Structure formats: C-alpha cells, structure tokens
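So, here come the structures, one by one.
The two complexes that follow have chain A in common; it is paired with chain B in the first and with chain C in the second.
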Partner chain A sequence: MTSTPLPEEQPPAPRLNATQLPDVDVPQPSGNAPLVVDENTDLSTLTPAQLYELNQRTLDESTRSSSDLPLIAAVAPIRVLREEYDGAPAFVRQIDFLATKGYHGIRRTRGDGDCFYRSLAFAYIERIMSTPDPALEATIAISTLDAAVPLLETVGFDKFAYEDFYEELLGLLRRVGSGAPDQLSPETLLSAFQAPEVSTAIVVFLRLLTSAQIRCDPDAFDAFLFHPDFGNQMTARDFCESFVEPTGKEADHVQMTALARALKVNAKVAYLDGHDPNGAVDFVSFESALDPSTPPVVLLYRPGHYDILDTRSLEAIQL
Partner chain B sequence: MSDARLRRVNKEIADCKNDKSSKIVIELIDNSPYHLRGSFTGPEGTPYEGGHYEVDIVIPESYPFQPVKMKFITKVYHPNVSSASGAICLDILKDAWSPVLTLKSTLISLQSLLCSPEPNDPQDAEVAKHYMTSRSSFEETARYWAQAYAGAPGGGVKGGAKGGERDEIAIAGLEKAHVDQFEALGFERGKVIDVLRRLNYRGENVTKISEDKVVQELLKN
Partner chain C sequence: MSSVYMRRLGKELMDIQCDGLPEGVRLLSADNMQSWFFTIQVLGQSLYEGEVFALEFRFDNSYPFSAPAVLFVKDRTYAPPIHPHVYSNGHICASILGDDWSPSLSVTAVCITLQSMLASCKEKKLPPGNDTYVRTAPDNPKKTRFVYEDDTCDPLLCVS
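Up next, the complex of A and B:
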C-alpha cells in the first residue's frame, strides 16, 4: 500500500465557542502589547481575553508546531499536559481536577480541524472494545450505522461516493471481538487511525453522517444553524456544505449533538479554559445511547482543539 | 490509496455514462483515468446558452480527499473564469471541497456558476469590472464569446461561427465607434483595443474617461 500524503492544510484559526464563555464585563487591556506571562504572573490578574490567548498559545505549541505529530497518538499520562501549562495555575488546577476525577491519560490528536471527528471515532471503537461483550456491541453499532446510512442518500449524496468511506469504518468494527477475523487490538486500532487513508476516510464518513442527521431533522437543528463567523442564520444545506462536509472544518455544539445522535453514543466534553477560580472543569454531555447508563466517551476541549481523555489507571498508562 | 482513487474515478465515469439526464459528459484525454475532459452545454437563459463547454480535469493523487483540479478548455467570458487561462474561482475547488463531491456534481456546479457570476470574488478582474459597469454590454460580449469559441448559434453576429473570422472589437467587449474614434487619431487598432479594454471603456465610463486620458494611455510605451 502506498502511503499518499494527505493535504497538510493549516487548521483554520481557532474559534471561541461563545456559548461556553461566562458573561464578562471585565475591561479589556488597553493597547496591543503582547502578553508576557512567566512564573511571577498572577493569573487571577489576567483578563478572560488574556487567559484565552495564553491557552491558545500553549495549545499551538503543543499540537501544531510538531508537524510530525501523528494523526492520533498513544495515551500519555495527563501530567504531560500539566507540564505544558507550567506557570499557568488556572489551567494546572483544572488538569489536577481532571486527574482526581479519574482522567489519568490523554490521547492527543493532530490539530487539523478534523480532531473532533477523529477523536470521537477512535474513542467510540475503543469503548466498544472495552465492553464485556465487544462482538455483540460491535454488531449493535453496525446495525445502528446500517439503519442511519440510507439518510445519506436521502440528502442527495451519491452512494458510490461514500460507500468506500463507510466500508473503512465497517472494516474496523467487523474486527472487534474475539473470534473476529484479524481481531482488532488496541495497537492495531491505533495504527489504523494513524494511517491517513483509513483515518481520513472514517473522518469523512462521520462528517457525512453528521450532515445527514442535521439535514434530516430540521426541528432539532434548524434553529441553531448560524454562520460561525458572521452569526447569520443559514439553511441546513448551506451550513452543512460549508461547515460539516469539507474536511478541516471544526465541529461545534450542533455537529457534536448530531453525530452523537447518529451514532447513538454518549459523549462528554471537558472544557479546559482556565475560567473557574477553583479549578473545576465543566463537562458538556451529549447523551444519545440506547442504554442511558452506557459509559460515555470523554473528550478534552481547548478552544479550537479536541483530544481524548482516558480513565485507565496511571500504572496501566505508564506501562 | 491509489487503488481506492482508481476505483472511485471508474465509478464516477460509469455513473456519468449511465446518467443521460444531466447531459454531463466525461471522457479520457490520454488513456489515463486521472486526466479527463468534461463537457456540458451552456445554461439556458444565459449568454452561454447553446455553447458547448469543455473542461480539463486532473485527478490529484489523494483524490477524493483533495479537490479535483478543473479549468476551462473552451474560452469563457465570465468574472470567475480567467479569460486567458481558463482558471476557475469556485469555493468547492478549494477549501469548500468535500470528498463526497463528484466529477459530475462539480461540473454541474460549474454550469451553475455560469448562471450566477460572483463579481465580488473574481478570477478575471477586467471581466468583473465589465460586468459591474454595464451588464448589457457584458452579456453581449459573453454571448459573442459563446458564439465565437463555444459554437453557440450565430444570432447574426458577423464572423461569429466557430472557426470563422472573429471580430476583435466584439471579443474585447468594446464598441466599434469608440475604436474607430481613436484609430482615426492615428493609433494602431490593436493598441486602441488593448487600451480601451484595460480602461474598461464601457457604459457610463465612456463619459467619465476623458479623451485626453485615453490618448495619454495610448502614448505610453
């Protein structure tokens, strides 16, 4: 198999999800002097805008400067993230908070605008593999997908143009569980997601599924379809063609809700933003699993980027 | 990946062959499935009506994850198409590309682009200015190009048939009287056409641009 380089498109400028911000009327710093933060800086003196900038800078350094970062990485202990925020206690407190909630690991994804879809896809399959009866769960997942896929044709996608992408996802799900041919292990799952041809095909498929879900359920979504930069209301078709279907376009609340519904999964997103004075982290839940008690997949959000949080024990991660 | 690319392209070509209703045609140019020629007819009710438009299609290596490359082979007078190179300014050929788009759907988008120019995001600035200055004069020129280059029915334009002698004044979207006026001052016809085209000497610009200004430009170089 030849590995063809995929477009190394620069991710779009990160956007702040305005709905997640507290109401602030703190005066903005005057002038445009660059923010200097060192170990002597008291973060409580920073304005929300400065905190945001600090977070963005750390995020840029940790996800984008390294072009050799894999599409998705092995789990790392969460202290690796903590070290990157050294000198930013508001974030360190939040990272410690996550650790006390049992999130000892972080699995990073490349900041290419596809990170939400890639993270969710990986965590979704990994979760199925960790259930007591993975083969059964995979069968249920496949039948959920098979039932959803006709929506893609309903909204006008050509079957021949998406079936190859769907096949990549099915190919992995069919390998889940003991007795499956070429049984998927955590290692082979990771290498599949690191291979651009498989990984990107799955991302594309999830984008199309998200689009179909949004377009086919106007009652649920139409009232929330706004242009992320200009704020004007958009038709479902325009919204999806501009902000869901093209690769590299970041996901926001609408896309997350739609995809969780299409896959029938429970997902939780932890917002690392340095806002809470006590270091608490807000989680936003998307609950769409048939069995509400299904443990969610958990993603870590920093404005403009998603990674996966991991709950296995510290010892297991460090092995 | 290259197997997947070939499989996909073959499906697309087959899909187009089987679909008689869209009147979109895709053919091989040189026995490579990655270099194709697409064609469609100019949309009704536009200056391009009745024209036959050919598009050069190159399938990049990581297709369909990267957008297909398309440019017009047939010369087109349109704000979003370079009148010189055929290069196209259309969002889906750039950052709005999605791997679910196909050669056929992209060619259909090109066809609709002919119906609805976006002069604010031009590929050819001179043509866009013409469009903004005088819609009727722009449409006349676009129609003339359709007749001269795309084989649209003659409509009484002299020399309009494909392969026939082309009227360089009509090609440039100018009026014969204006060209004659400056040619009479002793300037070479080709130069007059070039300068008046660059100055967008059309519509109300004719009264805004003084004769002196035109002569000045003509005297340059």
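Up next, the complex of A and C:
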C-alpha cells in the first residue's frame, strides 16, 4: 500500500497568493479591455473575478499549447531544429556537430514532463525492432521486465495499480517480430505511442519501475537524492513519491540511471546547451545492457526537454 | 482512456470488498463508476476524536492517470472537518490530489493520507482566505489550481 502521510510537523497553513484580496466585490473596471498581468502586477490589486480569469487563462494556455503537438512525432530532418535556433550560433554549431556525428534526424516528443520516459520507451522498442533477431530480443526484454516487476510489489505498489500499465508495454513487445498479422511495424509503433491510453500507460509503468529501482538500491542512489529545487537530501520514498511516480515530473540523472538499469539498456544523452565555444556536444552515457557492445538509444536533451536523435533524416513511413 | 478507467475502478472495488478498508474508513456507497462515498474517522488521540466525516470521490475517464476529485461532504448529516487544509465547502488542499498524484495511488491510499492529515492537525482552524475561496470556488475542486510552496507539500491557494 502506498500513501503519502503528511510530515509529523504540521506544515504551515495554506495562504492566499494575494493576501490583500478585497473582502467585498469591487466593481469591475469599465469597458472590456483585456486584463494585462505581468511580473510587475500586484495581484492584490486584482478583483476576485480578474484573478479567476487570470487563473483560467493560464490553465487554458498551458494545456492547449502542448496538446497541439503529437505525444511523439515521426523523424524530422535535424535542420528543422537548426532553423529554430537561427540567431543562436552557439546552438547552431552544436546541431551541426551532431550532424557530423551522424545524427541527421530528430524525433520530437511533447514537452509534458513525461518526455524522457516516452522517448526512452519508444527508442527502446525501436532499437529491439532494428536488431537482427527482433523476436529473440523482445523475448529477452520481456524476461528482463518480468524479473524486475516483483520489485514493484516489494516497494509497496498495489498490483492492480500497475498491472494494466505493464500489460500495455508487454502487448507491444509481444508484437515485435511476431510474424502475426498485428506484428509491430514502424507505423504501428508510432501510432501506439501517439495514442494517449497506450503511451501514458507505458510512461506510468516506466515511472514505477524507475521508482522501484531507486527504492530497492539505496547503496546506488540514496546519496544522490536531492530536492531539485531546494537541494536538500531526501529519502528514497519521498523523492520517488514527489519526483518519479507522478506523471509530468521531469527526469534527471538519477531517474535516467535507474531506468537504464531496470531495462538493462544502453542510453546516451546529448546535451544541447550552447556552452561549448567550439560547438562540441557532451554525451552522457548510461550503460546497463547485458552486452556492453549493444548500440545505445540516443536522446537529445535541451534544458527541460528530451527528444530522440536519429541517424535518418526522415523515416519511410506512411502516416 | 475509458477502458483503463473502468478496469481500474473495478479492481479497486474488488480489492476493497475482498481485503477491506483501513481501520477508520468505511464504504458508504459505490453504486456507479462516477462517484463513491466513504466515511472516515481518525484513529487514536486527535483533535477529531469521535467525529465522523464523509468523503466523496468523483471519477472521470482520466482516472487513474489524473487524480480523482476528492472532497469532504457537506450536507445535513456530514460537515467537513475544521482543518487548515480543508475549506468550509469541503475542498481539500493536498498535493497528492494535484501535482503529486501518481497513477499508482488509489482510493484507499487517498483515504489513508487524509486520515493522516487530520491526525497530525495541531489546531482546528479554517484555511486563511476561506471565505474568499468558498465564494468563488468552482464546484469541482480539480478546477482550482493549488500552488505548492515548498517541499513540505504545503499548498498555497490560487483563487480559481
């Protein structure tokens, strides 16, 4: 059973963002001029109705802008990314560097905080599909997962709370190289990952797997569990409950290490940060595959977001 | 997401019927897949000794990817607890019902967390700004965006 007991110490009481809210309804300003709010606005000067509008608008904007994009897209040429950084030579040089290393394409994911897990899951299955014997590789992947799943119960997850999510991932892996009519193809893999139900279920399962890996291996992880904003050390349980298990929480080094270990994959993350004067890109490797020579899945990291790098500039699929 | 939602709620209900609920929590009704009711009491010594509250869980087809809407019932029989994180309309400020929700949590896990929230209360008082919030609050607490100030899961209220 998992739960989030509140700390022993009663935390301070919630308080209003705007402590000076008028206690009676203030007449609306005349006219229908849109409310302009920026960082200089004193929220205490707003009426309750204006605050309502502000809050609603922010919510609408944040949900709309992200839901216009597919959860994960087909491969696009890397020059598309290059054009976006037009005027930022430090980034352009790094993108050109990636191209010289053979990365001619990018597969974008939606920036919803789940992009690391979604990218890794997609690239992981795609990698299995590209091996000489995909059916065998898929069987190995399934047995790795089957061996890891009991950890979820060990750390206290209810079976009913993860088995449906696991089943979605297994369902896809079983279709790799199966020879059956529903054998996974690049098209059906992409459409599965674009379908919210399948895609989110897999993200959730990988989050729980990551959490279990962190919680079950204190020697490897406990020394690195810090609050991402405040820097204080956290217990594995608190860290996982706050920054691994909830959807929408971005992954950092700890989560990447843990998931690579749980899945036994090799992964490389290219950091596109504009820092290197010569345009070189740092790759951080997570090597956990049983066979160290297994080619890694390669992700592109820009602060706050992960996409997948691809050696192809386009993929030959019909959408 | 409807199939996951129905399957999951079915399993949770079966789990409740087979394994029971934590001590102090009782099922009032779960007649449909939209809304379940429970009573909840705090065990042992607390400021709420002898008090019984009712909780309403509202589900839609985004469950369990997104948290259920959970509120304390306010009707002729039940009143919400007076607590610094519970508004007098029954809305609850708790991070696991918002940003910290995880699909691995469940109805039972939420009940345990709320029991623990009540048990650790040191002073019965309403949240500051209760009147303003209650006056402007939407019916569905999930439409309120609560902002969490720091790692103690202490929510601020952003007027919805």
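Points to keep in mind about this one:
Here is the rule we go by: the second predicted complex is superposed on the first by the 242 of 319 C-alpha atoms of A that agree within 3 Å, B and C clash if a C-alpha of one lies under 4 Å from a C-alpha of the other, contacts with A are read in each partner's own complex, and residues count from 1 in each chain.
Here is the rule we use: a contact is a pair of C-beta atoms (placed from the backbone, for glycine too) under 8 Å apart; a residue touches a chain by one contact, two chains touch by 3 or more.
All values derive from a computational prediction rather than experimental measurement.
For chain A, the partner touching the most residues, choosing from chain B and chain C, is C.
Residue contacts after overlaying the shared chain place A:Tyr162 against chain B and chain C alike. When the shared chain is aligned, chain B and chain C each come close enough to touch A:Val204. By the touch criterion defined above, A:His227 lies against chain C but remains apart from chain B after alignment on the C-alpha atoms of chain A. Contacts of chain A with chain B, set against its contacts with chain C after fitting on chain A, overlap at residues 1-7, 9, 157-158, 160-162, 164-165, 196-197, 200, 204, 207-208, 241-242, 245-248. Across the interface of their complex, chain B is touched by residues 1-7, 9, 157-158, 160-162, 164-165, 196-197, 200, 204, 207-208, 241-242, 245-248 of chain A. Residues 1, 3-4, 7-8, 11-12, 15, 64-65, 84-85, 93, 95-96, 99-106, 108-110, 112-113, 116-117, 120-123, 125, 127-129, 131-133, 135-136, 145-147, 150-160 of chain C are the ones touching chain A in the complex. The touching residues of chain B, counted against chain A in their complex, run 1-2, 4, 7-8, 11-12, 15, 61-62, 64-66, 95-102, 105.
Chain A makes touch with chain C in their complex at residues 1-19, 21, 23, 48, 51-52, 55-56, 58-59, 157-158, 160-162, 164-165, 196-197, 200-201, 204, 207-208, 227, 229-230, 232, 234, 241-242, 245-248.
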